[in-house]
Amino acid sequence: MIRLAHVIPVARAALLDLVRRRDVAVAGIFTAALLALLAGARAVGLENPATGTLLLNLGLTLAVGAAHLMTLLLGARQFPEELENRTLYPLLARPVRRAEVLAGKWIACVLAGTGLYAVLTLAVLALAPRLEFYDHRTGFQMVALQIPALMTVAAWAMLLSLLLPKGPAVLIAGVMTFASGALLRLAAAFWLVRLLPDVSKLDLALRYTDGIGPLPVSDVILLAGGAAIWILLGLAAAAQLFAGKRL
Amino acid sequence: MGELRSIAVIAKGVWLEAVRRKDVYVLVLLCCGLIGLTMTVDFFDIEGLTKFYREIALKLMDVSTAAAVILLACRQLPREFEQRTIYPLLARPIGRLTFLLGKMAGVCAAAAFCFGLFMAIFAAGIASLGGGIGWSLFLQHAYLQMLQMLLLTTACFALSLACSPDAALTLAFLFYFTAGLLGDLSVMLYEVAGTAGRAGLWLLTYVLPQLALFDLSEKTVHFEIWPALGPGTMAALTAYALVYSLALLGLAHALFRRRPL
Amino acid sequence: MRIPAAKILLWLSGLAVAGWLAAQVDPGRYEGGRARDEQERAQRNRSALAVMLGEFRTSASDVMFIKTERYMHGGVAFRQGQRTAAQGAEDLYATEEEEMAGHDGEEHGHSHGHGDDEHGAACASHGMPTVIPPAEKDFRGWVGDLYRAVKPWRDSSKPHIHTDGRELLPWFRLMTLSDPGYIQGYLAGGFWLQKQGSAMALDFIEEGLRKNPEAFQLHLSRGLLRLRQARDAEAGPVEESARVLFVEARDDCLRAAELGLSQRLAKVDEESGTVEDWSKYQENDLLAACRLAIILSERLGEVQTAARCRERFAALGPHLP
C-alpha cells in the first residue's frame, strides 16, 4: 500500500532537486528556442492562413516533443544517478517504502513535464496567429490527453533506467516515445511491436490544427484506458525491479 | 613527447569507456533494427531501390553518431568534477589543455569507432540490395562527418563548462538538430531584415559554426548525378573545421582555467 | 532477481490489452483536414516559413512530399513547392482522357504538371529560385560558396536535372502508411507505378479505395487505369475482355462523378452560391469524371445512360461533351 504522506515529501525533494540542478534552465532553453522560432516566422511573414496553421501546428508539436523529452530525461536519470552517487541511501534509511520513493519521483517527473508543456503550449497559443477555424473542444482534449501521455513516458523511462544503463535506457525510451507510432504503422505484422506503448495516439495537435471536431467520448475513454494500463504496468514493473535491486 | 603521451593515455581512457559501455552498441543495434524494419515494408515488389536505403541509412548513421558524441562529450568534464576524479589527474604534471586535448581525441576516436561500425553495416546493406555506393562521395562524407564530430566535441566541452550538464546536453542537441535550418533561415531572414538585423545575421553566419556544411549525405544519396568534391573544397572545409574547433577548444580551455577546483 | 513466469505473462497480457484498446481509436482517421488538402499544402509549401523550415516539418506526409520533390531534381531544393506528381487524378492520366475526348487539355484550363512526363517537370521548374541562392544574391560570401559546393545545387537558369520516378515509390508507400487518409499519396504513387509499368498500380489505388471509399478522385484514378488496360486489350486478340474493362472503367468514372458531385453540392454556400473548400484540382477531376462517364457510355453504345449523365451533370457548366 502506498502512503501518500510518504510520497509527497519524496516528490517535493525530487522537484527541489530539479531546481537545485538548474533543470529550469533546460526548460528555459526550450521556451527560448520556441519563442525564437515564432519570432523568426513572424519576421519572414505569414502570407496566408495555411501558413499560420503550419506555424501553429509546428509550435504545438514542438511543445509536446519538448515536454516528452524533458520528462523522459528526468525519469531516466532518477535512479541511475542516485544509485551511482549513493544519494539514495539516506532516503531509504527512513521509514519509507521503495514503492513510495518510486511513486514520489514519478510524480515529480510528471509535474515537471506537465509544467513545461503548459508553459510552451500557452506561449504557442498566445503568439502563433490563429487564422483559420479551430475547434476549442478538440483543443481541450489535446491538452487533457497529454497528461496521461506524460505519465506514461515518465513511468516507462523509470522502468527502462532500472533495467538498463542510463544511456541505452534513454535511447530506447526515446525510440518508444517518439517513434512507436511510426513503428506500429510500418511493422504492424510483428506482434512484439504491437506491445509498444504508443503515446502518439494521445497527441491531437494535428486534429486540432486541421480544424476537426473532438473525438467521441467513447474514444477518449478507450485512449485513457489504454494509457492507464501502460502507466500501471510501467510503474508496477519498475517497482518490482527497484524492490529487487541490491543496494 | 611527454605531452603527446599524456594525451594518448587520457584519450585511451575515454575510448575504452566508450567501447566498454553499452551505449554505442545499443545505438548500432537500434539503428539496424530501424533500418531493418523499414526495409521489411513491401515497396511494390520493385527491386534495387537503393537510393531510399542510402537516404534512410545515412541519416540514421549520422544522427546516431552525433548523439553518441554529444552524450559522451557532454558528460566528460562535469563527471570528472562531480566524482572528484579530476584532482588526482591534475595533481600530476598534466596541463589543462593537454587534459582537454586528450578528452577530445578520445571522443573523436569513439566517434570514428561508432561511424566505422555503421559504415560496415551500410556497405553490407547496399551489397545485399545489389546497389552501388559511390565510394568517392561516401568516403568524403565519412571524412566530413568526422570533422563535424570534432566541432561538436569542442562545442560540447565549452557548453558543459559554461552551464549545467543537462543544459549543455539540451543546447548541444538543439544546435545539432537546428544546424540544417540555420543556413536557409539566415538567407530568408536577410531578405526581410533591417540594417541592424542584417548585421546580426552576418555576424551569426561567421560566429556560429555551420554544421550543415559537413553533411554530404544528399549528394551521396544521388551519387549518380553529382561528382565528388574537389580538393580545394575539401581543403577549405578542413580548414574551416579546424579553425572553429580551435576557437571552441580555446574557449573551453579559458572556462576550464577560470573554474575553481 | 527472479520474477515468476506467471507474473511476466500477466504483464505482457496487460500490454496486449492496452495495445488493443489504443488500436480501436485513431485520432488521425478523419476525412479531409487541412494537412491533406492540396490547395492548403500548395499555399503553405510556397510560404517563406516553409522554405525556412526545409524538411523540418511536423506532418510526415509533408516531409515525404518534399522528399519526392527533391528526388525528382537530384536533391536540389527549390523555393516553391514543385508539382512532383500532380495534384489531381485527372492531371495524372490526362492523356488518356484527352485521347478519349479528342480535346486539348489546356482548352479547359487544365494545368498538367510533372505528372505528364519528365519534360513537363523541366518546364515547371525552369527559372524557379533555389533555396540556396546564387553567389550574386548570397550575403554569406565564401560560406555561401561552400554551401553551393557541398549541397546539391544548380543555377536555376540552367537546364535542370530530372530523375525518373522509380526511386520516389518508397516515399509514396511510406506516405500512405503514415497517413492512410492522404489521398494524394495514393494518386501520385499510382501514377508513378503505372509509369513503371507495374501491375501494382491498380492494387495500390484499390488499397486507397478500401481505406477511403468516399474519395471520388481514387474512383476516377481506378477508372483511368482500367481505361488504359482496356485500350491495351483492344489492340490484342480478345475483344470481349476489352469491352469488360471499358464497362468497368465507365462504372468507376460514373461512381467518381456521382460521389464528387454530391460532395461538391455539400460545399455550396447557399447565400453566395460559391463552392467553398473545393480546390481547382477537385473541380478538374470532377469534370474529367463526368466527361469520361459520358464519352465511355457513348462508346459502349449506351446512349440513354450518356444522355442521363449529361442531364445530371449539366450543373457543372459548358465543359461537358
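Note that the chains take the letters A, B and C in the order they are written out, and that residue 1 is the start of every chain.
The rule is short, and it goes like this: a contact is a pair of C-beta atoms (placed from the backbone, for glycine too) under 8 Å apart; a residue touches a chain by one contact, two chains touch by 3 or more.
Because the structure is predicted, anything quoted here is derived from the model rather than measured.
**Q** Should the pattern of chain-chain touching be classed as line, ring, star, complete or other?
**A** complete
**Q** Out of A-C and A-B, which chain pair has the most contact pairs?
**A** Of A-C and A-B, more C-beta pairs in contact link A-C.
**Q** Sort the other chains by how far their Cα centres are from that of subunit B and give me the top one.
**A** For subunit B, the chain whose C-alpha mean is farthest off is C.
**Q** Just the number, please: Cα centre separation of subunit B and subunit C in whole Å.
**A** 38
**Q** Return the distance between the CA-based centres of subunit A and subunit C, expressed in whole Å.
**A** Computed value for the inter-centroid distance: 36 Å.
**Q** Give, as an integer number of Å, the spacing between the C-alpha centres of subunit B and subunit A.
**A** Taking the mean C-alpha position of each chain, the two centres sit 27 Å apart.
**Q** Mind pulling the subunit A residues that touch 2 or more other chains?
**A** 40, 44-45, 186, in rising order.
**Q** For subunit C, which residues are shared contacts with two or more other chains?
**A** 48, 52-53, 174, 177
**Q** Which positions in subunit B touch two or more other chains at once?
**A** In subunit B, residues 41, 185, 188-189, 192 touch at least two other chains, as defined above.
**Q** Mind listing the subunit B positions that touch subunit C in their complex?
**A** Going by the criterion above, the answer is residues 41-46, 49, 51-52, 55, 144, 180-181, 183-190, 192, 198, 201-202, 205-206, 210, 212-216, 218-219, 221-222, 225-226, 229-230, 233, 236-237, 240.
**Q** In their complex, what parts of subunit A are in touch with subunit B?
**A** 21-23, 25-26, 29-30, 33, 40, 43-45, 73, 85, 164-165, 167-168, 170-172, 175, 179, 183, 186-187, 189-190, 193
**Q** So in the complex, which bits of subunit C are touching subunit A?
**A** For this pair, the touching residues of subunit C are 1, 3, 7, 11-12, 14-19, 21-28, 30, 32-36, 40-41, 43-44, 46-50, 52-53, 57-60, 174, 177-178.
**Q** In their complex, what parts of subunit C are in touch with subunit B?
**A** 48, 51-56, 67, 70-71, 74-75, 131-133, 138-140, 142-143, 146-147, 149-152, 161, 163, 166-167, 169-171, 173-174, 177, 193, 196, 198, 200, 204
**Q** Quick one: which bits of subunit B touch subunit A in the complex? Just the residue numbers, please.
**A** Those residues of subunit B that touch subunit A are 21-23, 26-27, 30, 34, 37-38, 40-41, 67, 71, 82, 163-164, 166-167, 169-171, 174, 178, 185, 188-189, 191-193, 197.
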